[in-house]
Amino acid sequence: MNNEVRENHFTSRGWRTASYIYLAVMLVLLYAPVIVMIRYSFNDSRTNVVWQGFTTKYYAKLFHDPALWEIFFVTLFIAVCVTLLGTVVGTLGAVGLSRTRFPGRRIIEDFIYFPLVIPEIVLGIALLLLFNFNGIRLGIPTIIIGDTTLVLPYVFVTVKARLAGMDPSVEEASIDLGADRMYTFFHITMPAIMPGVISGAFMSFSLVLDELILTSFLADAATVTLPMKIYSMIKRGVTPEINALTTIIFVAITVAVVVYLVVSEMKDRKRLREEERRGEAAE
Amino acid sequence: MAVPIVQLQNVDKWFEEDHIVKNCSLDVREGEFLTLLGPSGCGKTTILRMISGFEHPTSGKVLFNGQDVDEKEPYERDVNTVFQNYALFPNMNVFDNIGYGLKVKKVPKDEIASRVNEMLKLVHLEGFEKRRIHQMSGGQKQRVAIARALINKPKVLLLDEPLGALDMKLRKQMQIDLRHLQTQLGTTFIFVTHDQEEALTMSDRIAVMSEGVIEQIGTPYDIYMDPKTRFVANFIGESNLFEGDITEVRSDRNMVVQTKEGPLLVEKPDEMLVAEGYSVPTSVAALTSAELEGEPKTVAEHAARRLTHMEAGQHISICLRPEDIKVSRTEPEGPHFSATAKDKIFIGDNTRLMATTAGGKDIRISHPDTENLPEPGESFYFYCDPKDAVVILE
Amino acid sequence: MKGQKNLAKDTRKKQKHSRRETLSNAIMCGPITVWTVLFIILPVALLVFMSFLTKGPLGRIEYKFTLANYAEIFNPAYVNVVKESLLIAFWTTLITVLLGYPLAMVISKLKKKTSGIVTIAIMLPLWVSGLIITYSLVIMLNASGTVNTILMHLGLIKKPLQLLYNSFAVIVGMVYMFMPFAVLPMYSSIEKMDPGLLEASADLGASPAKTFFKVQLPLTSPGIFAAVILTFIPCIGYYMIADMLGGGKSMLIGNLIYRQFTVSRNWPFGAALSVVLAAIILIMVRIYTKLGGSMDDLA
């Protein structure tokens, strides 16, 4: 009886076929622009319209553009700095704020989430005003400050989620056994929240690599990051060079993400296997 | 008398607007197994956490060997805790969990190894060194938690409902093992539970708590046989409570109490007997004299003072344990009540009889002799030995 | 009363005797607190402050208090911009949820492992770069772009359609940008739902449609709600898409603000617009959290 009901309902053959088709269409739509872009980056034509033959000359051109390399390294430098800063401050803060009560703590916590909801343009302007009022010259440091402000809530949230899943008495057990709070933080808390810290850091890094609005508000005339460069190129019109550049970035980050996911998946599996083996040995 | 190893002096604890612990005083003697017993939310865990140092009293003092420890961090106190959900370190194996306390103190590696092995032997977990925590059963985790807490050789071990998550059979086994371990090591155990049977089985002394107040402290025997408050009478074991007024204080050991169900002949409270020069069972006598010295600490001790003198007209309660109620089909001599049997349940070593008195009060009777108990619907008489009735002040 | 007194005493006492604890807490809470005060609270305060100042000649700022900047927003031209922004956000949200919900349902019916991979596949392009996706859409929707080429090949149209540089393009871009983020909360709320309830409903004789509208939809409404918030809020403020796909013709609040700080050099007005935009969004977030939504889900 029950099975019949199921069959009639969502898992019947017709339903299933329809849902697979829907999924396929959505994925095609989602990836179509990227695929078209990649295809054009190898097109030996300046107009993007008709396929004129395969070429890698735009890539070669990019490779031999020293200005682009500099932009690349500046972007990377900013991303690394922001990731480090954001991860350290966000992690410490998530742990600290979750176990301390001090006046104004709620307000601080509310404001940490601010960059998450208010548009980047508002945050960018607010920070611009701050630097302006204080006569601070714009440049790489101000970009780092801005981007760190943006990524902080992401790290904060991921670490907080890990902390929420942690039994608070585990930390107390450590303190009870004679470890002070610092020792406990590094030996007990950190290992437990590490996955959250890593995914927070990873999120920060990819956010910053793609960050345009905040960066363009907080950069001086001399500082250009990769997204800014791409944006200004696009404004001047679609060219095969942009296709090549964006393809490289897209493929590079995709590979990084996939490698990250595969590695963490393999680690999980390895651990599971080991546990099974140990479990059998213990039987 | 020796200085108590742990002492609470007039401790109050407020959480925001909630008064969790109310003016509690408690002496823990060296080497004893003391249980804090009470329903959840009664403040027993808070008391434990004030001893371990994770909470501080709002007012009052916590003393270790007569020294105020208020300034001491949890990691500086010579106590260790076995937590409710074991709180084992998930990122470490059994060996590292147990050795943690020594590693923190930078004890040399080979010494850690030998002492961990010693501990593993103590809790019967040899060969489990390399096991991960999540591969262990509840009972095994519990043993690891105990070994981990004991490796620092604490003067006092605090146990916060450590058996709560175990199934019944394992629980019983662990109760015996824990008690055995405590006698073997001579460590002072302060054990928190809401399970009265567990408390009676394991403890040297029990402190019964209710709503932030210590109601009564005493040996399991005293607590069971001589509850001083209605709460204790109801919480420990089962009781039938009868309210009434003293009508006659006789010149012998007894007095007559007129309850709603009828008259009852009961023995005077032990404190009064002592005051009048009668002899009472030794254990009770020792307790009463101790209770009568110094400042009263518990509700029971306050009561004990007032129990030294009883007179006619006083309103009191009488506590009768189900097994102390005598049943008769024929009308007995002396004060007695009548009742109608409602239900009769055979539970192996005993038979339980539920009945309603003429006054409409439900009573519970427990008797080993099934045959002679009245059948449901049948009317019968019941009375008690004056010695078995416990007087409780209203 | 007594409780209050004791409480005060308690706090004092705590501060006194755990200096080391205080130090380690300060090390942990200090950086994020200082950071939040310096780089979030202070700048936002400055923004509000700026919105009450007067614009002088040549974009200078005069320290004269005025409400003119807020009054200026009611200029019909700007009211239209706000209307247009809300309209685009509305359509984007509607389309996103209508397309995303079935997608979330399909994913939730897949095997656990497959559904994980599919989720990542959906998130991946956006995760990598929203800018690049937007740019690729420009290529797609061009007069000589892929979409027009395909349509002409099929003989559906004679001459290229104007797909780019209008509201349609902006909405397409926004849907692309926010759908993956909207699918996630809907997926997790569908996943959490007890499938037994659907079976029970069907078992009791409800038609699939009735089961869907009476059981599944209400049960997964928190997920839909989160999806709406996750789409609508960023939509109002995001100006890059309107800039690239709308070709400057479609003016949204974000673009208007951007102009005040670049072309128009009217910072006080830009600040006032920013404050209004932030206020609209914060009110929506407040409603969201009041109705039981979690801030953590918005990351």
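We just call them A, B and C in the order they show up, numbering each chain from 1.
Throughout what follows, contacts are C-beta pairs under 8 Å (C-beta built on N, C-alpha and C of every residue); 3 or more make two chains touch, one makes a residue touch a chain.
No experiment lies behind these values; they were computed from the predicted model shown.
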(request) With chain centres defined as mean CA positions, report which chain is farthest from subunit C. (result) B
(message) Going by the contact definition above, tell me which chain pair has the most C-beta pairs touching.
(response) A-C
(request) State, to the nearest whole Å, the distance from the C-alpha centre of subunit A to the C-alpha centre of subunit B. (result) 56
(message) Using mean CA coordinates as chain centres, what's the gap between subunit A and subunit C in Å?
(response) 17
(request) Spell out, as numbers or ranges, the residues of subunit C touching 2 or more other chains. (result) 20-21
(message) Quick check on subunit A: which residues sit in contact with 2+ other chains?
(response) 180
(request) Return the residues of subunit B touching two or more other chains; collapse runs of consecutive numbers into ranges. (result) 73
(request) Provide the residue numbers of subunit B that touch subunit A in the complex, in ascending order. (result) 52, 54, 73-75, 79-81, 83-85, 87-91, 100-101, 104-105, 130-132, 134-135, 148-149, 152
(request) Name, in rising order, each residue of subunit A that touches subunit C in their complex. (result) 1-2, 5-6, 8-11, 16, 19-20, 22-23, 26-27, 30-34, 36-37, 40, 47-49, 88-90, 92-93, 95-97, 99-100, 102, 105, 108, 111-123, 125-130, 133, 145-146, 148-149, 152-154, 156-158, 160-161, 180-182, 185, 206, 209-210, 212-213, 217, 227, 230-231, 234, 238, 242-243, 246, 249-250, 253-254, 257, 261
(message) Taking the touch rule as given, give the residues of subunit A at its contact with subunit B in the complex, in rising order.
(response) 167, 169-170, 172-180, 183, 188, 191-192, 275, 278-279, 282
(message) Quick check on the complex: what are the subunit C residues that touch subunit A?
(response) 20-21, 24-25, 27-33, 35-37, 39-44, 46-47, 50, 99, 102-103, 105-107, 109, 118, 120-122, 124-125, 127-133, 135-140, 142, 144-146, 149, 176, 180, 198-199, 202-203, 208, 211, 233-234, 236-240, 244, 254, 257-258, 261, 267, 270-271, 274, 277-278, 281-282, 285, 295-296, 298-299
